[in-house]
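As written, the chains take the letters A, B, C and D, and residue 1 is the first residue of each chain.
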Amino acid sequence: MDLIIINIIDGLIYGLLLFMLSSGLTLIFSMMGVLNLSHAAFYMLGAYFAYQISLVIGFWVGLIVAPVLVTILGALVERYGLRRVHQYGHVPELIFTFGLFFVIEESVQYIWGRNMVPYNSPESLNFIAINLAGGSIPAYKVFMLLVSVAIFVALYYVLARTRIGMIIQAALSYPKTVEALGHNVPLVFMGVFGVGTGLAGLAGVIAGPSLTTFPGMAFLLGSIVFVCVVVGGLGSLTGAFLASLLIGWLQTFAASYNIGAADILIAMGYEYPKDVYYHPWRDLWTLTLPQIGPILPYLLLILVLVFRPYGLFGRRDS
Amino acid sequence: MAAEALKLDNVKKSFSGTEIIRGLNLSVGQNERHAIIGPNGAGKSTAYNLITGRYEVSSGQIFLNGQEITNLQPYEVKRKGLSRSFQITNIFPKMSVFENVRCSLLWAMDYKYSFWHMVGKQPELNENAEKIIEELNLKERRDTLAGVLSYAEQRALEIGITIAGGSEVILLDEPTAGMSVSETEYIVGLIRKVTEGKTLVVVEHDMGVVFDLADKISVLVYGEIIATGTPIEVKENQAVQEAYLGAAMEDH
Amino acid sequence: MANGTNNTMSMSSVLPWIIAAIALVILPFVFTGGGSITIMNQIGITIVLAMSYNMLLGQGGMLSFGHAVYMGLGGFVAVHVMNIVEYQEIWLPLPFLPLVGGLVGLGFATIIGSFSTRKAGTVFAMISLGIGELIAACCIIITVFFGGEEGISGDRTMAPPTFGIEFISQKEVYFLIAFWVLVSTFLMYLFTQTPVGKMANAVRDNPERAEFVGYSMRWVRFVSFCAAGFFAGVAGGLFAINFEILTELNLNLNASFTVLLATYIGGVGFFLGPIVGAILFTLLQTVIGLKTDLWALYTGVVFILTVMFLPAGITGFFAMHLVPWHLGRFGMLLKPYAKIFLPALMFVIGAVGLTELVNHSRHHGDEVLMSLFWVEFNTKSAVPYIVLVLLTAVGFWFSRLFAREVKEAWGDATFVEGQGR
Amino acid sequence: MKIFKKLTAMVMAIGVLIGSSAFADTVKIAFIDPLSGPFATTGSNGLAEWKFAVEKLVNEKGGVLGGKKMEVVALDNKMDGKESLIQVQVAIDQGIRFIAQGNSSGIANAITDMVKKHNKRNPDKRVIFINYSAVDPALTNDKCNFWHFRFDANADIKMDAITDVIAQVPSIKKMYLIGQDYSFGKAVAAAAEKYLAEKTSINIVGNELHPIGKVKDFTPYARKILASGADAVITGNWGADMVNLGRSLSESGFKGPIYCYYCASNGITGTFGAAGKGMLHLVGEGLHNPATPELTAYHKAFKAKYPKWDLSQPRIINAAQMLAAAINKAGTADDMVAVASALEGMEFDSKLLGTKVLMRAKDHQAIQNVHVGIHTDDVEIDYDNSGYGIKIFKTVEMASMDSATSCKMKRP
């Protein structure tokens, strides 16, 4: 029972982290109609910027400055890259962001090297915050949880209560009308792309010390974030939120319980083969849930797209 | 006498609760030239989209030559012999004029999803395509990419794509929109030529064009047909004059 | 591609194929140098794969992130068949093996295409990504078939000899690959000339209108997808013959990304584009890769620049010049081109040199001497930095200056009275 | 057909580039490992170690065959099987007869398979495969062949050593096995099961595999391990999977030792820093601290030349010297049967590493001293320039000297 509670908390922390990435991605998609395939690369940049700043000044400054830097960088990318490609059409835009992913990944390796870097949580958070029977939750994870919740609340407030939020919401459903109403759409695009990537950067800053800062971190998380936004429904923030939590828990619970195919097969009345390593169905007999845990989201992705091409909460056609 | 070429029976369509088409009844006889007129927002394009399967109807039935085509996919409607043009030019911009026309001929000439015919080696197909291009007066532009044609040429190609499939029922959506007087004349002449012996339904704002082309006119206002008749009947219809014609006539 | 209406196979349409065939035969005798046959074999396989990918992206407008899956699956089955042949359970001469791979690719493409081609654009791209991840993961889990991360291997020489050839030497394999490259390229060319190939272009351009001329966009995509799967499988079969081993690395996302990069740099939408792309990319990987460990960075930058400035790829860049050529104004471009060439070269050399130099002093600081563009110098002195910064700056300044002239000249050279809007 | 002209020019250019280095009269070793991409540091580090060993221990001592120099030719395989095979072919085409590779057992499998076929098909151009790091036991068991020589202790031997040490730690009663889901991870798990059952009464409370390089967050695994009440963990994880596992375990409150194969150097030692102190127990040959005086001097010279890299793969020192000795003994660097026969069964006294090395004839597996060491800052020779390194805790002399092998060596 304790394990379940602890797993729920772990999954929540992971899910909210995913949401920080998927919310930015969703914002960008809703406004610009382009799925930013380089999103996770900005997440990685956030972690590396913060690492560099933490070496010179300290963790807390990095927490503030790094996302700002990523935001600026994102806005520049939109202004000088994406806007240019926009005229060629939808698929070239996708391909541009895909290429951007490569360039950022390679540049990070060029600047910071190919090894992992020792970006660690600050001393002041190096204690155990909560002790539940059988496991402890370090203060840093609680801090991650708080930051994610704060971002979620802030995002909700901005979208629901402010003027700019109204414009963004309107643009979600009626992009053309918003433009007709005289809003500077290119500027809004630049801003949204910047803020979206900045959110990813912030996620990188707080995830870096916990999930290790290394050049593969973007690739590792990248496709899962797409799963979140696509399963949730492209353009739907609610969908992205629920899908992020769902996938956070799915992965946590799948890794936590060693349910094996063998248990199921035996329950179905089959007999465990004597020499399983030479059995033709050995892969099935030795299959366990944690083994397939990380690929479950992709299975979910395909199923959702096949049966509900717009995702669970999506409405607009891509 | 065969069944009506096109018949709409109490067709309704709502978008998120708002009824745009409110019980549309229309019947177009064989070889008739039928114009649909009405103010902006009356639902003319929506009606086209319902007939050709672009939108699903909320209720009601649509028949083509007596066969029901309600809620069929656009390609199924096309295969049953109904073809349409678009108000906003809708061609294949990165293909040449010739390819545009030839692609529009493929299904009608029964090539279907063939990957064993070489289109270059089908004399009949290519001759037909050349013939249509000649009719469209686009011979010089034959190998130009459709996307870089002038507006009038694109409109002509739009009509070419529509009639190329050899459909018996042709729906044109504002074929002369945004054209100069001479261009309009050219297009009207073209329409007359290429729809010879076919059933034609045309949505049009230019009353000159309407009275020039149509045998029969239906007036669509707020998702309903308020009058149908010969041009003269419609012109004299009191309700029509009040609702629409008067204002429109002054414009032109 | 020319939209030939000529009804007979004329000399001009057969000639390129004959030249290509002759070139393929001569090549291995021209390049006898170390490793060149190995690299040519690799190029050949990449050409078939990239061309099959272009059937999706270039001709059908479908952006796939999982195309290597069909090559990989075709290759895996081909290796298994190779092993079955070795134990003489079936009789199959080696040259037919790519056909086996092709049929497997076709089979899987039929299954996956049946649901993935319903939508194009983002949805299709995401499904292909998901499938790519899933199959790559299965590769590790289902060891009986895929052999885990070690993959499975076979021995091509155990097949019954074909005309006395046992395919022992690289050269024999080269001719086998060359034959299949020619055949596949020819078939893929013919495919573009069929009704469904033409309609694939139409669906790419304007899927909605394609429906209104009687074609279901889904079916058109599906047929293209299956055909692309078949040729990807052929490439897989060739891979199995050449390398005699298939692993997870052949069908994971990275492998699919590589195809996308190669095809796009070469030029999507042009029949020759993927061929150019496959050759350039393989050379970039193997030759530049020998010279610098930053080859992936350069590839990425070249790719991004291609997407931004040459959306039709390198082939498109050359094809673009057909317009002034036909107008007889090509000469107008020569002078500005000649003018910009030197500064542009300076800029590229300077920028690449700086990148390399910084990389060297940061990551290989232990070796003081380095050589760059055949010049050796001391990295600890300031001279190379100054020279390279100057080169970059001067090159950049003049390139910008002359770029305007190039632009103007281009405008003049391609201007056509009364054309379009 | 502009393309073909272009191709002509390009391929000609490669020919020149590749060909230019092929004429000098040296004995060449093709070093085929990742030098670009995510795994480049491991490869580059190994390359530095090879270059230094060949220079210092062979060339400066008079070379081979009476004065010929040995040369390491670096070829980048980008950690890709296909690319590896291309590079092997390129090396062979250049006339190189010795192939050295180590990163990834999967690639080693592909290369040994290719070398076997190549040697059979081209008896005049045979090559020898020097495997300096890939530890999948199969390479010297079912998949062994005459041309393959392994200088590292394989996964079974290392596990034999680990379990020898564990058997002497009475506080360990429950053991958790976790590894990456691929052949090496499975080999570690199988060996652990076997040896723990043979030598101890330790209860294995968990034995699982997770997908390699796909797990973003190891917290759930750590929770599970803690919940199982395990006293210690054995893992074959490497790279980010190793760091994340160790980190999650320590964050979740795990206090026991983690026995690992690849938990040092390449940024791992630096990233763990103080957090790994006393937790990480590394198994390996040639661990330093305490080091022989010769090794301390060698290490100093190495660091002077390559300040960024570590002596993290000491078997390279043995491999370079033993290969030189075999060439000298055979009196040729062209007849690979003679060289391989000379290497087979060779006994070598490694002064630097303070161990004897026996290249076992029956399976071409090097037998040597294997150590278990602890991550600590109390070291002379550190890793990642972090002040932390591995200090030897226990040494198993000539580990698994008499172990069985399923290898049926076919000699030409």
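Keep this in mind: contacts are C-beta pairs under 8 Å (C-beta built on N, C-alpha and C of every residue); 3 or more make two chains touch, one makes a residue touch a chain.
Not measured: the values here are computed from a predicted model.
*Asks:* Listed by label, which chains are in contact with subunit B and with subunit C?
*Replies:* The shared contacts of subunit B and subunit C amount to nothing, since no chain touches both.
*Asks:* Check A-D against C-D and say which one is joined by more contacting C-beta pairs.
*Replies:* C-D
*Asks:* Taking each chain's centre as the mean of its CA atoms, how far is subunit A from subunit B in angstrom?
*Replies:* Each chain reduced to its C-alpha mean, subunit A and subunit B end up 48 Å apart.
*Asks:* How big is the gap, in whole Å, between where the Cα atoms of subunit C centre and where those of subunit D centre?
*Replies:* Each chain reduced to its C-alpha mean, subunit C and subunit D end up 35 Å apart.
*Asks:* CA centre of subunit B versus CA centre of subunit D: separation in Å?
*Replies:* Computed from C-alpha means, the inter-chain centre distance equals 73 Å.
*Asks:* Where does subunit B touch two or more other chains at once, residue-wise?
*Replies:* In subunit B, nothing touches at least two other chains.
*Asks:* Specify, in ascending order, the residues of subunit A that touch 2 or more different other chains.
*Replies:* In subunit A, 109, 113, 291-292, 294-295 touch at least two other chains.
*Asks:* Specify, in ascending order, the residues of subunit C that touch 2 or more different other chains.
*Replies:* 137, 141, 294, 296, 363
*Asks:* Name the touching chain pairs, please: which are they?
*Replies:* Contacting pairs: A-C, A-D, B-C, C-D.
*Asks:* Which bits of subunit C are touching subunit B when the two form their complex?
*Replies:* The contact residues of subunit C facing subunit B are 3-7, 190-191, 193-199, 201-202, 204-206, 208-216, 219-220, 223, 227, 269, 418-421.
*Asks:* Once bound in the complex, which stretches of subunit B touch subunit C?
*Replies:* 52, 54, 73-75, 78-79, 83-84, 86, 90-96, 98-99, 102-104, 106-108, 111-121, 123, 126, 130, 143, 147-151, 161, 164-165
*Asks:* Show me the residue ranges of subunit D that touch subunit C in the complex, using the header's touch definition.
*Replies:* Checking each residue of subunit D against subunit C gives 1-4, 6-8, 10-19, 22, 35-37, 40, 44, 48, 75-76, 78, 80-83, 85-86, 89-90, 93-95, 105-106, 109-110, 113-114, 117, 121, 136, 181-183, 211-212, 214, 305-308.
*Asks:* Can you name the residues of subunit A that touch subunit D in the complex?
*Replies:* Touching subunit D from subunit A are residues 3, 6-7, 10-11, 14, 109, 113-118, 120, 128, 134-136, 138, 140-141, 210-212, 214-217, 220-221, 224, 251-253, 255-256, 258, 288, 290-295.
*Asks:* Residue numbers of subunit D touching subunit A in their complex, please.
*Replies:* 37-41, 181, 206, 208-211, 213-217, 219-224, 226-227, 240, 243-244, 247, 251-253, 266-268, 270-271, 273, 384, 386
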